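Across the two complexes that follow, chain A remains constant while its partner is chain B and subsequently chain C.
== the complex of A and B ==
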């Protein structure tokens, strides 16, 4: 398998960055990482995952969609779309890599979201296999193998070398473009590293969590559960869970008045917010219980109902770490599951 | 301490003094406690927890809870009592519907500070004579307790309970805290350095509103930023300075009412030190109007809503701003 030694990783980054914009996870504080545009000399973070998910690259928090310019009684509509430049995201974990498949189902089904597609077409995803999962990890619940992370290229680290395995034509092109920096290496140690990580996954506190009690066919039962009141009682309706979530995809479209025209933009929205899906008639979910229920029903029931049984969660554990009151999808699943 | 709290809570439920108990519930791990309302002794026995991780301020929940039928027991740490008092003063909490037991407070531990050491796979955290013994699936790690103390407890302002019906444990004193040290550092920066500091911090904001929603001083029924009729309701920044404005406006709005409970910084998923904005206002109020601690009592007039002939002139601000 093609490899590069850990000491040469930055040479690889420098090479990629010569041709394309490269993003890598970088420590902002010790073990707190975020994706940054690579500049020579930056060190890749050793933290398991970034605070914000990798969905930002394809579905940014805000983006302009169109502009309207007013002159007298005429309104000029400007299509501001332009072809994206190629970019590489390096070090994406298996959970986030799976989240792109979930977002694809939303944005690439008809009618295709051209803004999202543009970024997907031009982005190359280089993933990184997990070797040291955290207690908040539960990706295996959703059938994800964190030791085989997917994306366009999978990268595996055996403690000394990074090994590259291309999964798609885009990944093949990526590996070919840096092949002179790579060499053939003995990947025999990798199997052991992977086996070790898989065994750790089995020992994690959330290893037994199952989706068996969820899915589209359990709609009315879960919707009408009397557990929602207790589960949602302390939720104060912030959007932290939705904004750190790699699969939350709801957005709002708004107009910004520039004084002589309009900039129409879209931005992330949160079903936890009081004005989410507010329409002329008012709001369809007036209590926090209903808003809270919506988020988890969407991931565990509505999404699989509409997407061949695929759940809208990848078990990355961000909401477990970041919810101000430590209420999260794991606690919801455990409360609702068949006893 | 947890046992004493459970025992007393069950007594007060049994004798009908209260019909509900506000406390914290155990989670999946050693550290992920959730504020919760308990209605029966069985629930309390099963799920009630009070430990080094029960950081959450409960006072804001009591706005809603004190409007329900019957009396609720609130177990308040010293810092929580200031928030409680301030909300009573603002007629947000109905005092007679809450039975307050003052309980010893922190220092509490922030699990993020343990994780920042690279410790992961955490299955248990024990405090053994101020050394944390952290059990993980990768083995046992240790670190000094003081290195894991949460930001809000690092500069504790008071161990005194400013309101209670009874106490479990002893009452403490108002402390001579170091809480304005960082504010002074910021004041001593040049305007450009200070601007760069705040731009660096606030640019990370993802506008999740956790700081606003957790804040006991943010109790507007419909926040101006959520109200489509306000013209400034926003879910996203219209320009690159908007996040800064959101936090600055919020700090202005809670000035004189913020008790410095530290919840804003505790909940920020991006670790923005929002409490420093509020502390700057507290320090300025102390300096311009005399020492004032929001929530210390329920009767005094707040400096910013009171007029005295010896109030500082607005020009003070102007003159100082010209430095």
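== the complex of A and C ==
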């Protein structure tokens, strides 16, 4: 298997960054990691995952959809789309890598979202196998193996060397482009590292969480559950769960008057917000209970109903660590599941 | 790069008709004349004035109209207030058509039809009514029950009187909520009027209006012996994208913009009561 030693990793980054924009997870403060555009000398974070998910690379928090010139009674539409430049995201975890497949089901289904597709077409995902899953992790609940992280190229670390396995033609091209920095290495220690990580997953507090009680066929039953009142009681609709979630993709479209024309933007939105469904004549989800229920019903029931049983959650655990009232999808699943 | 549905086309307003004190009907053409795009009865389009807002409106003209599209719009919010202040010649952005449509060429074909509309709820049904009128031989009896708060609030009153009531092959029953000088027609709420008229349960019903009207109309129809599989309606919820991606117009696992706006009541029954 092709490998590079840990001490040479930055040489690899430098090489990639010569040709393409490279993003790697970098520590903002100890163990608080975020993706940054790589510049020579940056050190890759050792944190398990980034605070924000990797969805920004394909579905940014804000993006310009179109521009308009208004003059008297006339309107001119400007298509400002440009072919994206190739880029590489390095160090994506298995959970986030799976989330791209979920976002694909939304944005690449007809009619294809060209803004998203443009970025997807030009992005190469280099994933990083997990070796030390955290207590908030529950990706295995959704059938994800964090030691086999997917993406275009999977990278495995055995403590000394990073091993590369390409999964797609794009990944193959990526490995070929840096192959002179890689050497053949003995990957025999990897099996042990993977086994160790899998054993950690089995002992984690959320290891037993199951999706068996969820899916499209349980729609009315879960919608009408009497548990929602208690579960949603403390939610103040801050939307943090939505913003850190790798699969939340609801969006708003808003116009901004620059003083020299109108720019139309797409921005992340949250079904937890009170004006999300507000219309001139009323609001279909007036209470926080209804809005809270919508978010979890979408992930656990509506999304699988429309996507061959696939759930809208990857078990990354971000909402568990970030919700200010410590409410999260795990608590919701436990409250609603068959006892 | 391929066209993206989120990047709109331009239409021009070529005629504005003041239908009621708060409803105007706008005629929209492509910049070089003709229609911006084709549609089916019940489908919708996203209209926008950049910098003001974008909203989903049902296309009230029939697809059989080959010259232009029309939108009947009630003034009730930010964008609609701006639209009401427009003059002829104003350009707007338009994208669509979105959503499904009334099954005019399948389930409704050959059927006796009963249209029940309240207020601005006539807008989506008008597209079907005129489609049916233009293909009259394809359908059985046609009855229209339409009501509004007052005589002045009946949308498309001129067309109703000049064309629909003058058509011997259509039965038109109008009603207003309260007695009014100059009105010698029926007075009373739409759901009660439908019950009084006691239509044959052979009919397939298309209903649109305020939620409360729809609710009581459906209840009344059931009392008369209609089943939910005979009754269609069209829904309206907040929308941004129009193609089932922005995530806000869902009722359960169905998106009103993509899977609707037209639903049969037995289909709605299988969904949460969240609309």
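One rule holds for everything that comes next: the second predicted complex is superposed on the first by the 337 of 339 C-alpha atoms of A that agree within 3 Å, B and C clash if a C-alpha of one lies under 4 Å from a C-alpha of the other, contacts with A are read in each partner's own complex, and residues count from 1 in each chain.
Going forward, a residue touches a chain if its C-beta (ideal position, glycine included) is under 8 Å from a C-beta of that chain, and two chains touch if they have at least 3 such contacts.
Since this is a predicted model, take the numbers as computed values, not measurements.
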Checklist entry - Fit or clash for chain B plus chain C once both are placed on chain A? => result fit
Next on the checklist: A:252 in the overlay: touching chain B, chain C, both, or neither? Say first, second, both or neither.
Outcome noted: both
Next on the checklist: Looking at A:106 after the superposition, I want to know if it touches chain B, chain C, both of them or none. Which is it: first, second, both, neither?
Outcome noted: second
Checklist entry - Now for A:133: first (chain B), second (chain C), both, or neither, which partner does it touch? => result first
Next on the checklist: Touch test for A:240: chain B only (first), chain C only (second), both, or neither?
Outcome noted: first
Next on the checklist: Just to be sure I read the superposition right, which of the two partners does A:2 touch: chain B = first, chain C = second, or both, or neither?
Outcome noted: neither
Checklist entry - Which partner does A:51 reach: the first (chain B), the second (chain C), both, or neither? => result first
Item to check | Partner chain(s) touched by A:278 [first = chain B, second = chain C, both, neither] | outcome: both
Item to check | Which superposed partner A:332 touches (first chain B, second chain C, both, neither) | outcome: neither
Next on the checklist: Applying the document's definition of touch, where does A:66 land relative to chain B and chain C: first, second, both, or neither?
Outcome noted: second
Checklist entry - With the C-alpha centre of chain A at the apex, what angle separates the C-alpha centres of chain B and chain C, reported to the nearest 10°? => result 90
Checklist outcome for this item: For chain B against chain C after superposition, the smallest C-alpha distance in Å amounts to 8
Next on the checklist: Need the overlap of the two footprints on chain A, from chain B and from chain C, as residue ranges.
Outcome noted: 252, 269, 278
Checklist outcome for this item: Residue positions on chain A within touch of chain C in the complex are 65-66, 68, 70, 73-77, 79, 81, 83, 106-107, 111-115, 118, 216, 219-220, 223-224, 249-253, 255, 257, 262, 264, 266, 269, 271, 276-281, 284-285, 290, 294, 297-298, 301-302, 305-306
Next on the checklist: Please output the residues of chain B touching chain A within their complex, sorted ascending.
Outcome noted: 27-29, 32-37, 56, 60-61, 112, 115-118, 120-123, 136-138, 206-210, 212-214, 222, 226, 228, 233, 235-238, 266-267, 269-271
Item to check | Residue ranges of chain C touching chain A (in the complex, touch as defined) | outcome: 1-10, 50-54, 76-78, 80, 87, 89-93, 236-238, 240-241, 243, 245-253, 270-272, 274-275
Checklist entry - Residues of chain A touching chain B in their complex? => result 29-32, 46, 48, 51-52, 61-62, 132-136, 200, 203-206, 230, 233-234, 236-240, 242-244, 252, 254, 256, 265, 267-270, 273-275, 278, 320-322, 324-327, 330-331, 334
